[in-house]
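Please find the structures below.
Here chain A shows up in two complexes: once beside chain B, once beside chain C.
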Partner chain A sequence: MAALELENVSIRIGQARILNDVSLQVPAGSFTCLLGPSGCGKTTLLRSVAGFAPLSAGDIRIGDRSIAGLPPERRETAMVFQSYALWPHMNVGENLAYPLKLRGVSRGERERRVAAMLERLDLAHCAKRPIGALSGGQRQRIALGRALIIDPPILLLDEPLSNLDAAIRRTLRTELRDLQRRLGITTLMVTHDQEEALSLADRIVLMRDGRIIQVADPETLYTAPADLDTARFLGVDNLVPEGGATLAFRSTQAHAGPRALHAGLRRQGRVIDSTYAGGAWRIRLAVAELELTAMGEASLAAGTPAWISVPDHALMRFDAHRDAA
Partner chain B sequence: MTLLRLPARLLGGLMLPLLLGLTAFVVFGPLINLAMWAFTEQWFFPNRFPSQWGFAFWERVFRPRAGAWEALYHSVTVALAAVALSLALAIPAAYALARLALPLRSLIMLVFLLPQAFPNLPIFVNIAAMFYGLGLNGTLFGVVLVHSLPGLVYAVWIATAAFSAVDRSLEEAARNLGAGPLRTFLGVTLPQALPGLIAASIFVFLDSIDEFTGTYFVGTPDITTLPILMFNASMGGNYQIAAITALILLVPSVGFMLIIERFLKADVLARIGR
Partner chain C sequence: MTPNAIAILRRHGPGLLLVLPALAAIGFLYAYPLLRSVIFAFLDTQGGVTLAHVSRALAFYGRDILFSIGVALASLALIAVVSITIAGYLTLGATPWAVALLRWLYRWPLFIPFIVAAQTARSFLSRNGLMNSVLMELGLLSPAAAQSLLDWRGLILTFAWKQVPFVTLLLAGAMASLDRATIEAARNLGAGRLRCLLGIVLPQVRPNLLVGLILSLVVIMSVLSVPMMIVAGNPTMMTAMMAHRVTYYGDYAVANALGLFSYLLTAFAAWLYLRTTLAREVRR
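Let's turn to the complex of A and B:
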């Protein structure tokens, strides 16, 4: 059953169409990522669920209850903001307790639940600290805790990890995934980072120009993108026109060397240059009028002839012909 | 090289104390003169200093019938009421302005400043004429209204800046987690804007304590504030009384700032500029 359902949602601001007839079902307990380039409408979609972006048309339902007409405070969707939006005039404990206070939870019960949440976040020693004294990762966890403390039916995450450095981001990514699995909470997350989406989500909603292009599990999305633009967004960097179609593949899945391998696609060309990419060499080849990139075990001298071989399973075929440029 | 640089450095080293001294003289010179007048009993023209010092005039000022106590009471009451009225009007107005799109906001704020651009004498004369018709002349309420006019401009400008600086997502987080619009304003927006609002009330208070022209046209002779008392004394040649009144005028101003400082921790005040 869909925990959250968007039906023909459109949002127009003046002449601009931010969202265009978007329909989406988010299954209960799933971790769904909205992925797309900046300006594709993914953040607006998330904000429309929270009630911060009024709809021009369509409906949003949680379970079988329509929430499209409700003000944000009555939607029961808990959001984690990109800036965390922790209240600087309250300390950590007060930030966590405020949503409970708004729900009329008694003082004793509030203290108990805040302590339990801090324990779960491994931040029990931070209860009395001002927000300004926390590190980025700690702020992120407190923001998550503040959202989860009300046991919301839907958790909304707006690029929650984008302000953190790479190491903390990896740790928190794992933590976030574990927490979501354990609580079984329906989660909708916005990200522009495909690696994040692929590793976190059970379902990815790929968006472009205010529309949903593809909804798929990470592996399907990665291996069978719906169209050429999607493929390019997902790191497919080689395009070979063939008849009226285009063959596309990732350089990481192609091989370059002095000899051709047994493969679905083989082309001979001349080496433009070789750069070391850690563990292997990234080799650029001029093949007829095309420029293709593939990985090789060894560096090849510029100007020498070489073969590029792409295995069948790495090849994607797109019917509408488009230029690589 | 170092020898050549020495005079320049010496000059540079002297410049700062010299400038500081000059500034101090410009700022504090008149104040010293004023302080001397406050404790003078006799001071005739060619003398550089008073020939006789004493507290005789202090006693005269604070005599029950002299009106200094009443003037002090009026000044403080009017200033507090002007702060209350200006902020009560400025807070909703500034919040609305802060949430407006920028070009429109700038325009409205500029229009708001317009009355301040006029010479204020004709404005006060006209206000006095209007108040006369309304029966507000010579009442404390009338004086409070007149003081709130410039006060409101300060308050709206500073409060708008304070509200604009409040991160929108802080309010959204409160709404998202269950607070209605009013609760969000009181629980999140207002505490965030508080340093700015405090700054605004200090401005309004100090401006009101000092205000003369409006009080003169609307309040006198029924309402006497300290500046009016000072003016009357100066016009009558009572420089001692004028000087003593001026010193008394410092008391509520410094007191108000001390109270504010007590209530606010330094870190809150430090955020005013942000």
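Let's turn to the complex of A and C:
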């Protein structure tokens, strides 16, 4: 059953169409990522669920309740912002307690729940600290706790990890995933980072130009993108025209070397250059009028002949008419 | 000059030269007269120290001092409430055309001189003024019940009318520069617009509100035209009494003593402001 449902949602600002007839069902308990290049409408879609982007047409439902006409404060969605958006005039404990205060929860109950949340976030010692004294990772954890403390039916995450440095981002990613699994809370997250989407989500909604292009689980999306543009966005960097179709593959799944391997696609060319890519060499080859890239165990001198071999399972075929569409 | 002195002059000379005009202006036009007026409030004709002027000022004008304080505080309260309302609506309002209209309208009184504002208030608030005429036309007021508001009420309304745009300008600017996401987070987690204004927006711009109110207090304590034109008899604002003392009696000493109470009042407000903002800084 869909916990959250968008039906023919369109959003226009002036003449610009930000979202174009978008329909989406978010299953209960799922972790769904909205993925796409910047300007594709993914953040607007998330904000429309929270009530910050008014719809030009369509409907949004949580369960069987339409929320499209409700102001943000009555939607019961909990959102975590990219900038954390913690309230600087309140300390950590007060930030966590405020949503409960708004719901008329008694002081004793508030204190109990704030303490439990801080315990869960592993920040029990921070209750009295001002927001300014926290690190970025701690701030984002508090922001997450503030959203979860009201037990919302839907958790909305707007690029929650993109302001953090790489190491903390990896840790928090794991924490986020564990927390989401444990609570079973329906989660909708916006990201432009495909690695993040692939590792966190159990469903990915790929968007482009205000439309949904593909909805799939991470593996399907990665191995069978709906069209060539999607494939390119997901890191498919080699295109080989063949007949009326285009064969596409990732450099990382192709092999370059002095001899051809037994593979679905084999082409001979000349080495343009080799660069070390950690563990292997990334080798650029000129194959007829094409330029292809593949990985090799050793560096190859520029100008020497070499083979590029791509295994069957790494090849994606796109028909010309679908590419044009 | 020793080489050392020349080196110092080379290094600090240009900076000193740039600061000097401002420093001189503050010294001669502000600090010196201020100090002089404070000192003269305590000097008798022979140059001895005396409290006579201060006690005369208290005896003659004690009521006016209290009246001034009362009017100033009431004006500030009104200014605060109206400015917060307008700035809050400009920040959180959901009707774009109403926000645009209000944004365009609210600044106008800023460009109207106090004397014109006082004149307008006179013709608006008097017993036969525009306000009462309109109320009577609408049948909301019987002619017998009509009264003039040209007393403390007129003062409060005029001061507020003039100062609300200024405080609103400061406040709306500060609110606009807040991280919008802090407001959205509050709305998202269940705060209505009023709750959001009082619980999230206002606490973050409190220093700006205080600055606006303190500057307004200074204005209220120094404007002469408004009390002169609006209030006929006693009690009235200290500014009017000081002018009276100087122009009719040439009695600078008592006027200075009265001025002392103005300084004390504004200094007290400034101290309150510094104390609260410093406490905030420490807490961060």
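The rule we apply is simple: the second predicted complex is superposed on the first by the 320 of 325 C-alpha atoms of A that agree within 3 Å, B and C clash if a C-alpha of one lies under 4 Å from a C-alpha of the other, contacts with A are read in each partner's own complex, and residues count from 1 in each chain.
Simple rule for what comes next: a residue touches a chain if its C-beta (ideal position, glycine included) is under 8 Å from a C-beta of that chain, and two chains touch if they have at least 3 such contacts.
Just so we're clear, the structure is a prediction, and the values are computed from it rather than from any experiment.
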For this session: Specify the outcome, clash or fit, for chain B and chain C once both structures are aligned onto chain A.
Result: clash
Problem set entry | Contacts of A:Asn8 with chain B and chain C, given as first, second, both or neither | neither
Exercise. Is A:Ala147 in contact with chain B, with chain C, with both, or with neither (first, second, both, neither)?
Worked result: both
For this session: Have a look at where A:Pro88 lands relative to chain B and chain C in the superposition and call it first, second, both or neither.
Result: both
For this session: Look at A:Ala50 in the shared chain and tell me whether it touches chain B only, chain C only, both, or neither; answer first, second, both or neither.
Result: both
For this session: Using the superposition described at the top, list the residues of chain A that contact chain B and also contact chain C.
Result: 50-52, 71-73, 75, 77-79, 81-83, 85-89, 98-99, 102-103, 146-147, 150
Problem set entry | Residues of chain A touching chain B in the complex | 50-52, 71-73, 75, 77-79, 81-83, 85-89, 98-99, 102-103, 146-147, 150
Problem set entry | chain A - residues contacting chain C, complex | 50-52, 71-79, 81-89, 98-99, 102-103, 130, 132, 143, 146-147, 150
Exercise. Quick one: in the complex, what on chain C touches chain A?
Worked result: 179, 181-182, 184-192, 195, 199-200, 203-204, 283-284
Seminar exercise, completed: Given the complex, residues on chain B that touch chain A span 167, 169-170, 172-181, 183, 187-188, 191-192
